[in-house]
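Each chain gets a letter, A, B, C, D, E and F, in the order it is written, and its residues are counted from 1.
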Amino acid sequence: MARKLDIRLITPVTTRGLRDLAEIAHLESADLGFSHSLIDIGPPSIESEFDEALSVPGTLAKALAAERDGVDAIIIDCMGDPGLKPARELVKVPVFGPSETSMHVAAMLGHRFSVVTVLESVRPLLGNLAKVYGVAEKLASVEVVDIPVLELAARLEEVQEALADRALHAVRHQHADAIILGCTGFLGCAGRITDRLLAAGYDIPVIDPIPTTVMVAAGLARVGLRHSKKTYATPAVKPLVGFDLGRY
Amino acid sequence: MARKLDIRLITPVTTRGLRDLAEIAHLESADLGFSHSLIDIGPPSIESEFDEALSVPGTLAKALAAERDGVDAIIIDCMGDPGLKPARELVKVPVFGPSETSMHVAAMLGHRFSVVTVLESVRPLLGNLAKVYGVAEKLASVEVVDIPVLELAARLEEVQEALADRALHAVRHQHADAIILGCTGFLGCAGRITDRLLAAGYDIPVIDPIPTTVMVAAGLARVGLRHSKKTYATPAVKPLVGFDLGRY
Amino acid sequence: MARKLDIRLITPVTTRGLRDLAEIAHLESADLGFSHSLIDIGPPSIESEFDEALSVPGTLAKALAAERDGVDAIIIDCMGDPGLKPARELVKVPVFGPSETSMHVAAMLGHRFSVVTVLESVRPLLGNLAKVYGVAEKLASVEVVDIPVLELAARLEEVQEALADRALHAVRHQHADAIILGCTGFLGCAGRITDRLLAAGYDIPVIDPIPTTVMVAAGLARVGLRHSKKTYATPAVKPLVGFDLGRY
Amino acid sequence: MARKLDIRLITPVTTRGLRDLAEIAHLESADLGFSHSLIDIGPPSIESEFDEALSVPGTLAKALAAERDGVDAIIIDCMGDPGLKPARELVKVPVFGPSETSMHVAAMLGHRFSVVTVLESVRPLLGNLAKVYGVAEKLASVEVVDIPVLELAARLEEVQEALADRALHAVRHQHADAIILGCTGFLGCAGRITDRLLAAGYDIPVIDPIPTTVMVAAGLARVGLRHSKKTYATPAVKPLVGFDLGRY
Amino acid sequence: MARKLDIRLITPVTTRGLRDLAEIAHLESADLGFSHSLIDIGPPSIESEFDEALSVPGTLAKALAAERDGVDAIIIDCMGDPGLKPARELVKVPVFGPSETSMHVAAMLGHRFSVVTVLESVRPLLGNLAKVYGVAEKLASVEVVDIPVLELAARLEEVQEALADRALHAVRHQHADAIILGCTGFLGCAGRITDRLLAAGYDIPVIDPIPTTVMVAAGLARVGLRHSKKTYATPAVKPLVGFDLGRY
Amino acid sequence: MARKLDIRLITPVTTRGLRDLAEIAHLESADLGFSHSLIDIGPPSIESEFDEALSVPGTLAKALAAERDGVDAIIIDCMGDPGLKPARELVKVPVFGPSETSMHVAAMLGHRFSVVTVLESVRPLLGNLAKVYGVAEKLASVEVVDIPVLELAARLEEVQEALADRALHAVRHQHADAIILGCTGFLGCAGRITDRLLAAGYDIPVIDPIPTTVMVAAGLARVGLRHSKKTYATPAVKPLVGFDLGRY
C-alpha cells in the first residue's frame, strides 16, 4: 500500500491567519495530507519585487525545516514563486511554485491562457516568469482589477465580480482559452468565476493555483520525480553574515 | 471521503499484448484505479505520421466509449499524442497526451530537457509538438539510438544501454537538465537510465511518460480541471461515410 | 518543349459537387492541367479537428491513387491541410497544403498577414499551423465572421461583405499587410475583397489559397523540387486493420 | 489563352558576362519568357554589406526600367536580396528576392533547412534575413566552404565538392532536411549536390535559388498577386542629389 | 588625464540646416566634443526604404572621411540607421545607430517600450530593425501621429501634442513602460512628452535618440569598445562604377 | 559646466577587499567619480541562486543609502544582477546591472555573443537573464572553464588562459562575434583575452562588465534617463520583520 504523502505549504509572509488549510482539506485522503508554515522574517504581504526579495530568506529557512521534517514536497504559497530556485538548490525534496505549475497546466488545457490579478505592478513580473518558464507565447494577457490590496478582504464580493469581468474580457478580446487566478489569496474563488463564464457560454478551465499545484506535486512525488540537481546544484556551505537559516 | 478515480489508458495500436497494466499497478490505491483499451482499427505500431493518422479514428471511438463508461480521465498511450485534439473535441472528460504532459513536467523540473528515442523519423514530429505545446525553447535536443523498432524487444538490454548513452550525451553536450523517454514502450526503463546518469554524477529527473501522465491526470481530475471547450469545441454531429465511432 | 503538368486537387470531404474545376480553368494552359478527386470515406465537411482527423484516411488513399496515376503534384483542398504530413510520407510526388503555401506566400508579399475565416473554432488550429510552418510571428490575426457554415451558400452575399469587413478591420487595427482567405470554399471571393480594400485606400494582396497553391505547386514541380524524404520518410508497409488504402 | 509572361532578372553587379540566361532557358515556354539586365553603377561583385549597399541605386534604376518595359515580375539576382524593399516601394510590378523565396520554399519542403555558401562573412547577413523574413527557427545552419571568391571559377570542381561536403555535414550534424545554395552564382550546381546526398542515403531537396524564384514569381504573377503597397508604400518624388534613376 | 573624445554626427540627408549641434551643446565637456557632417549625394529627407537606400553611399563616404579625421565614434543621425552595417565594415572606429542604441537602452530601463513616430510607412521598418537587433519581444507598439512630414515644422506645437497623446495611448493600452522618439528630427521634444506623461501619473523614461546615443557612444569609446570585425569584416577594395567614396 | 557625477558601486558580498576602485580609476575625470560600498549582511561570495538571494537584502539597504548620499547612479557589482529589480523599485536614482548592460552592449556590437565564466552552475541563470532582458536569441553560448572558485586567485594565470581558450572556442564553434566576461571578478582580464583572440585572427569586442556598465550608466545619467517607475513602482512602506534596511 502506498505511503501517505505529506505536502508542506510555505506561506512566504509574516502575517498570521492568511492561510487556512481547511480550504484544501477536501483534497486530503488516506494517501495525502498537508502541513503548513509561515515565515518568521520578511514582509507582511507580497505586492512587489521588493516584498518578494525580502520573503526569500525566511522561505529558505522554512524549506530547510520542511526537508528535515521529512515532507514529500514543498509548495511556496505565492504567485511570484519567491525563492523557488534557491530553495530547489538547498533541498532535494521537490519544490513547486504555483505560478510555474499553473502556467504549465493552463498551457496543457487550452490554447492560450490569461492571468487575472489585482495589481498593475505585477504585470512585468508575471510576464518575466512566463518567459523563464518557457511558456510566454501561451500567455494571452495579464488582466488587472485595480482594487487596492488592503481593501480586498472588505470588498471580497466586488473583487470576485471584477475578476469574473476581467476573465470574460480576456476570453472575448484576448482570445484566452483558460484562466489562472493570479494571486494565491484568491483560493476558493475559481467556482464563482467558472459559473460566470459558463453563464456567458464559455466552458473553460479556471485554475485555482494552490489546489492545482498541490495535486500535481503529490502526483509527481508519487512517481519519484523531483527537480534537476544539475539545474539546481546544492550550494557550498559558506559563512553567512546576518542570516540564521538553520542547518543546511 | 474522496471518490475512487478511474483513469483509462487507450493504446492506439491494434497489436494485442503490448501494454500490461501491471507496470503501473504500484500507483493504484483506494483513490485511484486504471482501466485499459486497445483500438479496433488502425496500425499494429506507430512509427510515422502515417501510422499516427491511421490510429486516430480507432482512438476516437475508444475515447467516446471511455466517456460512456464514466471514466475520470483518458490517456492516449503514445508519444505522438495521436488524436489528442479531436478526442478533446469529442468528450468533456479530460484527455491527456504523454508527450504534452511530459514536456510540461520536464520544463518545470529542469532548465532544458532532451527526449531520447529510437527513430530518427520522429525528430520533426517531436519538434513540432514542442512548438504547438509552447515549450520549444525548453527542448535541448532529440536524441536517437537508431536501433530498428522490430528488434527492440529482442535487444532490450542493448536498447537500455543505448538510451542511457544518449541521455548522457544530451546532458554533457546539449546541456539537458532533464530527460524524457521518447516512446511509451520504454515504460519501466527510467530507473536504469537514472542509475547510469547518477553513476556519472548527474542527479536529474528521467521522466517515464505513462506513470507521470497518469499521476498528473489523476491530480487534475481530482480538482475538477479539464480541457477548454473553447479551444476544443464539441463538433456538430454529421453523417460520416465509412466510420462507425459509436454514439457521439 | 516542356511536358504538360497534371496537378491533382484532392477535396477531403465526401460531399459531391462542392468543388468545380471550372473555377481555376483560366489557369490551364499548354503546360498545365488539373484533375480532381473527392474522398470516399470521411466527413461531409470540415469544421473541426475531429472532421479533419476523419478526412485523413480517405485523403491518403487518394494521394496513393494520384501517384499511381502519374500526376506531377497533389494539393489537399482544405485550409487545415489535413493529411499533408502523412501523405508526404506515403508518396514521392510533391504534396502541397493551401494553408502552408498561402502563409509562406503572404509572408513574402507583406510584413504581416491576417487570415479571415468563418468559424471561431479554427483559431487555435490556424495558430498552431503557423507555428509548425515557422511563420507565427508573421500572423497578425485570425479574423472570424461568425456566420454558421450551413448558411454560407444561402448567405453568400452577406458572407463576402462580412469577410471584407473583417479584412478591413485586420488592416486597420491589427496592422495586417496581406489577407489570406481562410477557407478553400471561398474560392473566387478574393476579387470582391480586394475591391473593398482598394476602395478604402489599401492596395494589398488578398490570397485565394487554391489558385495560389496550384501555381506554386506547378512552378516547383517544373524545377523538380519535392518534399524532403528525410523529414517525410516512407513508412514501412504493415498490416492495417480496418483500412484499405490501395497499394502503398 | 494565357498571356506570355516576361520575367526580368536584374543582376546587381557591374561585371559583364556573369549571368547567362541559357542556364534557365529550359524553363521557357509558350507562357513564359525571360529578360535580363545588369546594373550600370555599383560593385563588380557582392561579398559584403558594403557591396550590397552600393548595388542598390543601380538596381533601383533597373527596376524602374523593367516596370516601364512592362515586365510581369522582377527578380534581383543575388542571395542578399539587395534593394528588394526599396524596389517594391518604387514599382507595382511584383519584385522577388531569391533568398526570401528560397527560404520560404525550403521551409515548406522540409522541417529545417541549411544554406551552404562560400564566405563566412555572410553568416550574420543570412541570419538577419531569415529573421526579417520570419523563418529564423527553420534555419538549421549556415555552412561555409571557405574558398576565396576570386578563385571560385578556377576551382569550380573543388567548390562543388566542398558544397556537397558541407550539405552532407548540415544534414548529418545540424539536422537539416533541405539545402539552399547560398549564392546565385552556383546556378546549375544543385544536381551534383543532390546526387552526392542521394549517394549518402539522403533524398532531400536542394534548392537552386534562381530557377526556383523564377517559377514561383511566374506562378504568383499569373494569379495576379504582388507585394503589399501598405508595407511598401510608393515614396514621394523628391529632388535627389547625385543619382539619376530615370523617371519614377 | 583623459583625452577629449570627438563624436561625429553624420546626418544622412542633403538638406542643409536640419541639424544644429547647439541642441546637444549642453553635453559637451572637457572630455567630450562633437563634430558634424551632411551627405553630399542622396535624398533631401528620409521617409521610406527608398530614401534610406539612397542615403547610404553618401553616408559611407562621410564615415570614411570621419575615420580619416580621427574621430572617436560615428553616429548616423536617422532612426532607420541607414548604412550602419556597411559603415561598420568600412571603418574600425565605432559606429552607432540611434535606433539600435535607443532600443537597447529602452529595453534596459523598462519592461517594454513603444516608438512614437510620424509615418505609418515606417512601421514595418522599425519592426524589422527590432528583430535584427534582437529586441522584438520588448517592442510594445509603434505609434503613429499621421501628420504629413512636410507640415511638421509648421505644426510643431500640434506634433508635440500628438506625440504625447500617442505616448499616453501606448502606456495605457499597449502596456509600454518606456517611450522612444521615433525620428531624430524630434530632438529636444522629450521633455514636453515626459511632462505630459508625468501629469497623467506615469514616471517613465522618454528616450531622445541623439543625446542618448551620443552619451552611450562616448562611454563605450572611452572603454575602448567598438563593433566586431568578425561580424563586420572589412571588405576587399574593388573597382566601383559610378561612386567615388574617397580612399577606403 | 557639467556637474561631476558620482557613480556608486555596490559589491553584494560580505568579504572585504575583493573590489578595489583603483581598477577603474583611469575612467575618473573632472566629470565623473566613483564611490563604493560592500553589503553588511549576506554571503561571502556569489556562486548560486542561493547566494544571490541572500545578497539582496543587504544590497537593498546599500541602494537606499546610496540614494540618501545623493549619488547619480548605482551599479550592482555581480553578473547575476542580484537585487536589480527590487532596488529599482526602492529608489529613483538609476540602477544598473552589469549583466543586463553587458548583454545589451554586446548585442549592439556584434551579431551574437558568448559569456565565458567559471561555473557550470550559472548556465541556467545566465540563460534566464538573457530571456528576461529580451536578448536570448543573441546569446550564442555560455562557456565554462570549470576551475573551482576558491582556487581562482591562486591560479589567475591559468584562469586567464582558460577564459581565452573558451572565448576562442565560442568564436570558432558557436559563431560568437563578441565576448562578455561572465564574472565581475574578472575585472581587468579583457585585455589579455582580446590579445589572444587577435593573435588568432579575431578582432572582436571583449566586454569587461564593470567598466562598460560604469560608462553606460554615467552617459545615461548625464542625459537624465533612469528606469521606468511604471515597471518598477515604489513599494508601499510596510512593517518588515527581521530586516532593518534603513529609511525607505
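The rule is simple: contacts are C-beta pairs under 8 Å (C-beta built on N, C-alpha and C of every residue); 3 or more make two chains touch, one makes a residue touch a chain.
The structure presented is a predicted model; accordingly, all values stated were derived computationally and were not measured.
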Practice prompt. Tell me which chains count as touching both chain C and chain D.
Written response: B, E
Worksheet item: How big is the gap, in whole Å, between where the Cα atoms of chain C centre and where those of chain E centre?
Response: 44
Worksheet item: chain C to chain F: how many Å between their CA centres?
Response: 52
Discussion item. Residues of chain D that contact two or more other chains, please.
Written reply: 111, 124, 128, 137, 177, 231
Worksheet entry | In contact (per the touch rule at the top): chain pairs | A-B, A-C, A-E, A-F, B-C, B-D, B-F, C-D, C-E, D-E, D-F, E-F
Worksheet item: Which of the residues in chain C come into contact with chain B in the complex?
Response: 14, 40-45, 47-54, 56-58, 60, 83, 85-86, 88-90, 120-121, 124, 128, 131-132, 231-233, 235-236, 238-243
Fill in: In the complex, chain E residues that touch chain A
111, 137, 175, 177
Worksheet item: Which bits of chain A are touching chain B when the two form their complex?
Response: 1-2, 26-27, 29-31, 94, 96, 100-101, 104-105, 107-111, 133-135, 137-138, 171, 177-178, 202-205, 207-208, 211-212, 215-216, 218-220, 222-223, 225-231
Worksheet item: Across the complex, what residues on chain D touch chain F?
Response: 123-124, 127-128, 136
